[in-house]
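This report refers to the structure that appears directly beneath it.
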Amino acid sequence: MPALDELPEDVRARIEQVGEKTGFVPNIFLALARRPAEFRAFLAYHDALMDKVTPGLDKADREMIVVATSAANDCTYCVVAHGGILRVRARDPLIADQVATNYRHADITARQRAMLDFALRVATESATVSDEHLAELAQYGFDTDDVWDMGAITALFAQSNRMAHLMALRPNPELHLLDRVPGDPVG
Amino acid sequence: MPALDELPEDVRARIEQVGEKTGFVPNIFLALARRPAEFRAFLAYHDALMDKVTPGLDKADREMIVVATSAANDCTYCVVAHGGILRVRARDPLIADQVATNYRHADITARQRAMLDFALRVATESATVSDEHLAELAQYGFDTDDVWDMGAITALFAQSNRMAHLMALRPNPELHLLDRVPGDPVG
Amino acid sequence: MPALDELPEDVRARIEQVGEKTGFVPNIFLALARRPAEFRAFLAYHDALMDKVTPGLDKADREMIVVATSAANDCTYCVVAHGGILRVRARDPLIADQVATNYRHADITARQRAMLDFALRVATESATVSDEHLAELAQYGFDTDDVWDMGAITALFAQSNRMAHLMALRPNPELHLLDRVPGDPVG
Amino acid sequence: MPALDELPEDVRARIEQVGEKTGFVPNIFLALARRPAEFRAFLAYHDALMDKVTPGLDKADREMIVVATSAANDCTYCVVAHGGILRVRARDPLIADQVATNYRHADITARQRAMLDFALRVATESATVSDEHLAELAQYGFDTDDVWDMGAITALFAQSNRMAHLMALRPNPELHLLDRVPGDPVG
Amino acid sequence: MPALDELPEDVRARIEQVGEKTGFVPNIFLALARRPAEFRAFLAYHDALMDKVTPGLDKADREMIVVATSAANDCTYCVVAHGGILRVRARDPLIADQVATNYRHADITARQRAMLDFALRVATESATVSDEHLAELAQYGFDTDDVWDMGAITALFAQSNRMAHLMALRPNPELHLLDRVPGDPVG
Amino acid sequence: MPALDELPEDVRARIEQVGEKTGFVPNIFLALARRPAEFRAFLAYHDALMDKVTPGLDKADREMIVVATSAANDCTYCVVAHGGILRVRARDPLIADQVATNYRHADITARQRAMLDFALRVATESATVSDEHLAELAQYGFDTDDVWDMGAITALFAQSNRMAHLMALRPNPELHLLDRVPGDPVG
């Protein structure tokens, strides 16, 4: 991994900002910084999809999609890191482990189940997506923009799961613990 | 789930014993107690394979096999429960999440990697097991009894993963936290 | 395989009993006897599920589940041995070969087809079992105990198929012929 | 199925000939006769590949390929019918059940194992066939014509397995018993 | 490949005939001619199924089945050659690429979509064909002979895809271009 | 799709630029423009990986990775569009169809075959990437940056294949013809 002071100014600033906010720098930031142009593009894409709340999808829903699809791809970094963020967003210490292992038996709503069924289809057999699946989602009130968001989040993490595997990226120990213990100052 | 005082004496005694030792009764015990004969048979098989240390396989190795193969079967109960026990046995707060998501990239020895490769073969395509796989294991010092243990642990959890799915069994909240936090009184 | 007179008394008695009843000792008994505690646990589990007739499932139904799911696991020992027992139980010389190769095109009732569809789901993708499958079974009159039996038989043979593969267990020649020929004294 | 006397002369003659030789008319003949041109083409292809002995492949080897690949396709008719013929050709009452369920654990030579590994590759993932597989076969003495025969037999039964499934074709009861019992007049 | 003047008269005549009609000899003809009996049987089967127009299936429908199922088998020769013929038959320069990559998103009718769904089932999981699929086809007006044709075309190309892979057969350059360019004299 | 004059200035400029250079606007540009921030992020990522020549990977190699992995994902838009660009880059009218259908039998070098084997692994089973695969690539002279490029291109198109499926995106007719005909003014 590159040294912080060898990085372009904007890349370094982003890394320092996340370190200050979170208390540590998640490994993905330093790993991607080796290629500044790709670092910027990935984070721009990420922010456009994940730093957003819409009437159809709150931040916990978005993280749930990341955890379920990253688990289908067996990606340790993304499951642990976004599992931690999901616990924070959902204020639920158990949900991430449930969604990561078998979302079909997790404590989620029928609407979230439909959302994850669709995300898993995009993650693992996207060529089969058809109008009937969009119609099913519409029954739960998901509109065209919601479908785009679900699909695009899944697609972006299809990309980043593969990058994490390529680098055999290991999660920071702190990520395993984010908001696991109620009242714990870590998360 | 049946009430404790409606259970046969030996079944109730076993459940009370585990509750005293662990501080809570893992849900699998009450779920299986609905059928006392099957409860006794499962625990007899479990104890014969898991309550044992041999020169070839310590208790952490045995739990690692359970976690990796239960993850291949997407079994939330077994991954969370035995993930907790693995953290206790291995004295390592990170190993269970790593093995559960992608054991190929986990912090394990080459010998443990060979052990898990074999266990996964037995879990997912056991018809292909052949002499060449036993020869590979022998190179790491695994003998005939070690191979039987690895295969039999995998086979027993092939059974219990399916039972857990059948009952949509949910892990107790305490199991998610076993030995996650160093110095934590939970584990 | 161990010599009979080196085995614990109860193990030897069980083996002699089956030999007297059947006319030969099926290879699985001697193979498992190498580990008496596991031998006892397996047979206790087996007897609890297979030596039983309920209003929902007769003995032929139970054997049919074993044959269909063992075939999905490509287990020669279990397909041949339980195929033979299925011919005996169903008094039908053709049913075992049909169920072993493609149960979807076998001469079975719609109720048995639903039973085998469920058993195959538990055998090959148990994480997907959900309430809708239980509802489908209820339409054929299967109650909660029937579902437990179907799932538990499938789960137990998921275990024993893997053990048979681990030992590359070969069926006794007599098992191939059990009740194949009408009026034949073999079966 | 069409009546015999409505069939073209050559088709009827072929059916009567097989009936006289075997003692019954295997169902595939009447099923295919519905389309005489396809009947003739299939049997011409079949005879060119199966009615032949070469230094590299005897008739039992050819039937073994049919049984193993038809089993991979879950084709009851072809597994039962060609399993019967395999017992006749190999003069072995057990070999067909072994090859049909898991050829990897069957009593066959290393050369036959290599032959079946290749046939299964052609049956289930033919796009991956490459020079390295032909080199492996050459080590067992298989020449170019042997490889063509193995591949072509597998390819022809890829075709006929699908036709049998399309028609849900059931094997004649006699086929289940061909040469099962030593000294039995059936086979 | 054999020299033309060493081939039996009828084989040579067929090859010269196709060369005169098409302007070049597609490589499959010379490749199969190495075995005249198989050459004749394959072409007899091919002509019986492909050189035919019925009320249920026109020639473009038949080629569409070949392209979609050959694509599922990753067969370069058949996808390129029959893709070219499909462009000719359908008078559509885009349809072959669409059907070869993802027929679910191609510009085809709902009836053709049902036809291809069935053909793909026969190509990739024929053991699951059942009455419910025939009932679905009947809703689009497909009768018993249409279903036989769809299934038999798929089955025949299951055979020829495997032969093409066995020979690593390369398409003639001309086949890539057949009727790609409107008004182009090539097609 | 949005009207050009409703788009942000930089998005519109990029679209007009590609239209002038290529002679038409590939559909992906207008489809993504519906979300300007995502449009910018995707193209920034794309340009960082595809608009580049290194000693290890030329532009045709990069396109070959896109075509082979997009074909594994059954993505019509990406296979047709990047198939066209591959023909242009490789100055070979046949290579795209070969790589799209079965790259194992395509006219490529052993080095390109190793590159595509690795890319396909990242596309379809990235969790299994391990040091042994990197060692194999090193034997062909691929260094760490080459491996990053191969993996990152595959990962980016894992993302964009899923977006194209989500939108059921159809390729422009011109893309099917790019450089198909030698001397053709289209390409």
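Each chain carries a letter (A, B, C, D, E and F) given by its place in the written order, and its residues are counted from 1.
Please note the rule applied: a residue touches a chain if its C-beta (ideal position, glycine included) is under 8 Å from a C-beta of that chain, and two chains touch if they have at least 3 such contacts.
If you're wondering where the values come from, they're calculated on a predicted model, not measured in any experiment.
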Among the other chains, which touch chain B and chain E together? A, C, D, F
So which chains count as neighbours of both chain A and chain C? B, E
When each step joins two chains that touch, the fewest steps from chain A to chain D total 2
Comparing A-F against B-D, which pair counts more contacting C-beta pairs? A-F
Same or different for chain B and chain C, where same means more than half of the interface numbers show up on both copies? same
For chain C paired with chain E, centre-to-centre distance based on mean C-alpha positions, whole Å: 44
Could you give the separation in Å between the centres of chain D and chain E, each centre being the mean of its C-alpha atoms? 25
Quick one: chain E and chain F, Cα centre-to-centre, how many Å? 29
Junction residues of chain D - those touching two or more other chains: 74-75, 102, 105, 127, 130, 165, 168
By the document's touch rule, what are all the touching chain pairs in this structure? A-B, A-C, A-E, A-F, B-C, B-D, B-F, C-D, C-E, D-E, D-F, E-F
The chain B residues in contact with chain A across the complex are 71, 74-76, 79-80, 93-94, 97-98, 100-102, 105-107, 165, 168, 170-171, 173, 176-177, 180-181, 184
Sites on chain A touched by chain E in the complex: 127-128, 130
How about chain E: which of its residues touch chain D in the complex? 35, 37-38, 40-42, 44-45, 48-49, 73-75, 122-123, 126-127, 129, 147-148, 151-152, 154-156, 158-163, 165-166, 168
Touch list for chain C against partner chain E, complex: 102, 104-105
